[in-house]
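Here chain A shows up in two complexes: once beside chain B, once beside chain C.
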Partner chain A sequence: MIKKVVSVIVLALVIAACSSSDGGGSKPTDNFDRQTMLLNWADNIIIPVFQDLNAELSALVEAKNTFVTTANQTNLEALRSAWLNAYKVWQYAEMFNIGKAEAIYFSAYMNIYPASVTEIESNIANGSYDLNQSNNQDATGFPALDYLLYGVANDEATILDIYTTNTNAESYKTYLSDVVDHMKSLNESVLNDWTSSYRDIFVNSTGNTVTSATNKIVNDFIYYFEKGLRANKVGIPSGVFSSGVLYPEKVEGYHNQEISKELALAALKASQDFFNGKHYNGSTSDNSLSSYLDYLKTITGSEDLSALINSQMNAARTQLNTLDNNFANQINADNTKMTMTYDELQKVVVLLKLDMVQAMNISVDYVDADGD
Partner chain B sequence: MKKFLSIAAVATVLLTSCSSDDDNEKNNINTPSTYSFLRNGESTVNFGGQTTRIAMATELVSALSVNTNTKASLQAMFNHAEGDQDFTHADLNASNKNVRSKVAASNDFFATNTTLSNTIKQDFDGWITDQADNVFPSWNVTASAGVAGNLQQLGSTTVRYFNAKGLELNQAVAKGLIGGLMADQMLNNYLSIGVLDAGSNVQNNDNDVVEEGKTYTTMEHKWDEAYGYLYGAEENPESPVLDADRFLNTYLRQVNDDDDFSGIADEVYEALKLGRAAIVAKNYKVRDAQVAVIRENISKVIAVRAVHYLQGAKSDLEATTIDYAHAFHELSEGFGFLYSLQFTRKPGTGMPYINNAQVNSYINTLLAGNGFWDVSVETLDTISAEIATAFGFTVEQAAN
Partner chain C sequence: MGYNTKAYIQQKTDAAPLAVFRILFGVMMLFSIIRFWVNGWIDTLYIQPKFHFSYFGFEWVKPLGIYTYLLFLVCALSALFIALGFKYKIAIITFFLSFTYIELMDKTTYLNHYYFISLLSFLMIFLPANAYFSVDNLLRKTSFKTFPKWCADSVKLLLGIVYFYAGLAKINSDWLFRAMPLKIWLPSKYSLPFLGENIMQQEWFHFVMSWCGMLYDLTIPFLLLYKRTRWLAFGLVVFFHVFTRVLFPIGMFPFIMIVSTLIFFEADFHHKIIYGIKRILAPFLNTKIQYKPTYKIKRESFLVSFLVVYFSFQLLFPFRYLLYPGELFWTEEGFRFSWRVMLMEKMGHTTFIIKDAKKGTSFVVDNSDFLTSFQEKQMSFQPDFILEYAHYLGDHFTTQGHKNVQVFVESYVALNGRLSRPYIDKNVDLYKEKESFQHKEWILPFTDEIKGL
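For the complex of A and B:
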């Protein structure tokens, strides 16, 4: 009897050994210290980003208050510059769609573009609106301000008229004010959640399951790079997803007309800094995806993925730098340069979404629809 | 002691059988006699999208020969939008699929090369536009160097229509689609390891996890979609008889009819069947070996036909009385197959046998000056020889 049991066990072991050998050999154990990476992300990148965004949004609120009190060209310029400063910091924050940010659809209320002019105008005309209502996602945030500060009339003088002599001037000012306050309040709730409780949950979620902090952030990061940067900023306006039909009006900062490149470059820098674990606004770096890949390289002898990814991100930056400051102009003049930029960004996506996650044994939690 | 020995013996036997060779691995694969695969008694084979696109391409190519069509109507057939009344078949009009979006759109070749993909799509747009703008208005003009119009074949009632360079544009589109749509989607997309193994496909296939509401796993379906680009127009695709469309399917038959390449059609069919059966048996090594067989042979079909037509044109041009209508027809078919070479796939590499830059240089040579009116037989021989060498056959084998 015992003999039978033993041989059955042996049999089972042998069969198990057999079937696993199909998978291409056993991998060395991954003992990378995920917690030091999570600590670096939380304390040196994510929380400082939301704090800086909070400071910039406070400045935006102040500039807005000044403009609402005294609507003149000087105060309009100051308000615009506060908007741009905050918008640039936003490029660092958008990827951290986790915790409170994920729960309240933070990024959807902050940066869905193009903003809907129809909805904004109708909100202003009606005077009754709930900016937390999902229908208003494209009537709030940075893109709504892009319209209100640059696109609400055809020239500078007339834009100011909207807030001064226009019969609806008060309604415009109220809406402008509400949108800015709404953005500030959303960011406060995300930041407060991080500093009060979420930070500890995050840094202690060291496992490798689909809901672990590393796995979620890696997915957020790739998703941001693929959708927020590659698709939204470059691919959609240049017709990659519309059989070549061009949508210059869908570039980020369309009404401003000169910042779509600046914002895309900021987003690329934010992505690369995060990948390399560079402290926000600092010069030192600690554990992040690049050091994780370097560690995996030493235990598996695989290729130097972190170098490949950095060099491909640099190639994407070189291509981005060839574009007009206003992507809408670039699309109208020579869209090929846009799609060439898209292609360089897509090469980064392939490295991140296939090679990197495979090395880290992390599964991608979202899929693209294929057509057929 | 005896016990350990017997365990050791059993283990040794099992381990030996475990490190199986290819034959043993094939043995656990149940390859059916026809391309029929069932799960719980229901078919798991589905490639409706491919059948639809072949049908759309067929109508488009026919429409290019009807001079009352407009540029807009032709473009709409190429780049159909769901619900638009672009085709004679209601099913096609209702479909949300179209041809253009799948031209030069494979995962392996174009996922990070949208710029080239756009250029290639624009080549097709350009041929369609040229037909509507320049050839249709010259329908009754006699073609000559630099002048679009018609030419009648010698001793025949067949009239052909050429652009100013002697190119028959419906041939450029039809033969270009064999590579740009069919071969590219088949070899570089649906048979791509990146597509077959994308996401959780392997895990799901290993555990027989089927797509929601479907009978097939995603990996099975991807393979079937590759099958569909070759056999999707067959009346009974399970047992293909070939000559079912005017694209890849028909030219596989034509190459197979050449004694130098006979058996190629069977080889492709068997590899598609075995690869699909290997997916059912979760044997990815055998599957991947079949991918290589299919890539090599389908690529070869395109190359053989390119050389065949260039050589056909050469003999026309060398005749005492030159039949320009026939020569340019051959050249136009050859042009389309030549264009398609950039979508072939050399097994074991991520590259075509002949790349886009090389193809463009051939095409620019053929279209230089007054195009086919100026082309020399030396040029045709040079290009033919280069293609034949790249694919490992001889010009003579392809020419007859």
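For the complex of A and C:
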């Protein structure tokens, strides 16, 4: 009799032990193939985004080289427009904080704003700095260039003087050059990792565990929407977290003075396109979070979440469009419009973080403790 | 009736099943604590968080900093002593106190099965689980072959209540007629070998699992009680618990329940286990023990009356939710300590707004500044957590120099696949609300209906 009990228990334990493995490689055969979602993200969205960013950063490097050789107003304008082009593509890349990007803190080196003017100026004055050091995260990337290209002096003529007649002109040019090259090399390492090995790891990680690709990317996506878009671009500058103390100087592209809305709109579009699985190059869409939600709806018969999320994102866009091109102006003129935009974005966060995650029953990065 | 009761109280039973139960219980508890420790959970759950959620009335129970490890050590050692039957009485009291203290430190980690362990270890304080096959026998050179039947039966009764009440709780429209929350949980197990990609995605399977789960919980205590169905029942117990262990992150609980149900088996089964252990330990067991027939319980009639009260409480307490208005799953007033297991897929998104009552200025709190992600998750959909945290924030910002602090909450909760809805009245200053056993008026009403128990 004891043998019976023991064998029943042993058998049960073996089943339990076998089944708790990830079971990654097998292909789902139900109506929704989750791997097609990963393939669409990797091949039609993520890799094309990093490739495009690479192209834009190459153009930026070229424009920078021209400007460093011949510092004149024409070349400065060309450099600025290359910077803006790359910055807009960056809005599509920031959310993919996975793999190499996560390992090297890619987004922290690319887009922590406002950049620290003191840090940048002291680096230039000292001439010795390591841009890969974490304390230089707020002295690199797009925000540092925003300062160097638009904020380093009060008017156009004086900005050019900094790179021509200023006694420190060479140091400024060297720093500008180093920052651009640094950005290019970081993106290259992320892109190369995707194209050489990470893509296959990513598309084959189909499980539903905290570390699987779907779960990580969904977490990244929500985090980007909540922090990168809602809080950083709108909430923090408009004083949502600071008792009404306004921080117009904390808007994205502060020194440029006319692109904060353009960048926020790009970020919103990037988020919505990712949600809908829209290819980065072209207008076709394949499996993504919206189609996964549609599939789950057929099982649970619940609300049409993908439609609700899309319409709330559209509502946020409408609100965003009412703002001044320069959020700093908007904050100083009529901040309530900013907080209204924040509220619309917040509604999207609730739908994503709560309704979508619940429908997908995704293990998010909570502490792994037992349930009952 | 009076005669029957008296006759029942006087019945004796073999002491072996409870002895085996004691050993397995001690070993399981020891492993659970080691596992908890090895997983690093003492640190992540009790030492790292800045703030801990307390049970109403037990605010004085807090983690002990680095000495929390000592507390777990004490708990683990007492579990070992229980298994050995060494200084049993002191060991089981120590275990009950240390384990319960651990569970009371932070209600974020509340699990029904932890509550079960506390109740069971409390009950075992009064049972002569060391009467037979224990180190205490060796020390006293006496052992007892039998003791009153109610001693073993009370453990069976507690197990029976847990199962039966878990079954009763499943008699509700969400579970039976919407197959919720299994309809959400099972399709997400797509990477399970063999089953994940097909059967887990089928609606009929979700309904089958819901109904079987309910029937299983309601009938298993009775199937275990009758000799003819006992093996079938045990097979079901093993299958059911292993299956749930595969699907859900429920730790040691399935194994604890599997070994616990062994107490329903006849004594000869347990004698074989003991004989097996004795053979291994033979070289060390040279003490002569005098076997006496019956263990005499001190103040037995008092103890029996006390246990009647104890079990009456167990039977009534899960129904306390009837005293509250509103939907139980929504308000959770009377939800815990009621064997309501795996009934809900509930999530919340809750943000706190600190307002200066005079100036009218306000700001939003970043919860991750104060809570771990696990705490934030649990706080977001449970009103008592929300209230306690609101007070913590109010106190915190007041000591930081903020004036006229008011704490408002913007909270959305989604329950069993329903679209998220506003959960807390955002016009109520929670800093002024007090915790109590009264209904919390500031919970917004549930807009749907869930019928059932």
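Keep in mind that, in the parts below, the second predicted complex is superposed on the first by the 331 of 372 C-alpha atoms of A that agree within 3 Å, B and C clash if a C-alpha of one lies under 4 Å from a C-alpha of the other, contacts with A are read in each partner's own complex, and residues count from 1 in each chain.
Quick note on the criterion: contacts are C-beta pairs under 8 Å (C-beta built on N, C-alpha and C of every residue); 3 or more make two chains touch, one makes a residue touch a chain.
Everything quoted here is computed from the prediction, not taken from an experiment.
In the superposition on chain A, contact is made by A:L354 with both chain B and chain C.
After overlaying the two complexes on the shared chain, residue contacts for A:D130 are found with neither chain B nor chain C. Of the two partner chains placed by superposition, A:E156 touches none, neither chain B nor chain C.
Shared-chain residue A:D200: touches no atom of chain B or chain C. In the superposed model, A:T339 lies in contact with chain B only, and not with chain C.
Of the two partner chains, both chain B and chain C are touched by A:G244.
More residues of chain A are in touch with C than with the other of chain B and chain C.
By the touch criterion defined above, A:E303 lies against chain C but remains apart from chain B after alignment on the C-alpha atoms of chain A.
Of the residues of chain A, those at positions 15, 18, 22, 235, 239-240, 243-244, 350, 354, 364, 367, 371-372 touch chain B in one of the two structures and chain C in the other.
Interface of chain C with chain A (complex): residues 39, 41, 44-45, 109, 111-113, 180, 183-185, 187-193, 196-198, 201, 203, 206, 234-235, 238-239, 241-242, 245-246, 248-253, 258, 262, 269, 272-273, 276, 341-342, 345, 347-349, 354, 356, 361-364, 366, 372-374, 377, 412-414, 417-420.
Note for the complex: chain A touches chain B at residues 3, 6-7, 10-11, 14-15, 17-18, 21-22, 235, 239-240, 243-244, 336, 339-340, 342-343, 346-347, 350, 354, 363-364, 367, 371-372. Against chain A, the residues of chain B that register as touching in their complex are 3, 6-7, 10-11, 14-15, 18, 49-50, 79, 97-98, 100-102, 111-115, 118, 121-122, 194, 199-200, 225, 284. Looking at the complex, you find that chain A touches chain C at residues 1-2, 5, 8-9, 12-13, 15-16, 18-20, 22-24, 26-31, 34, 206-208, 235, 239-244, 296, 299-300, 302-303, 305, 308, 349-351, 353-355, 357-362, 364-372.
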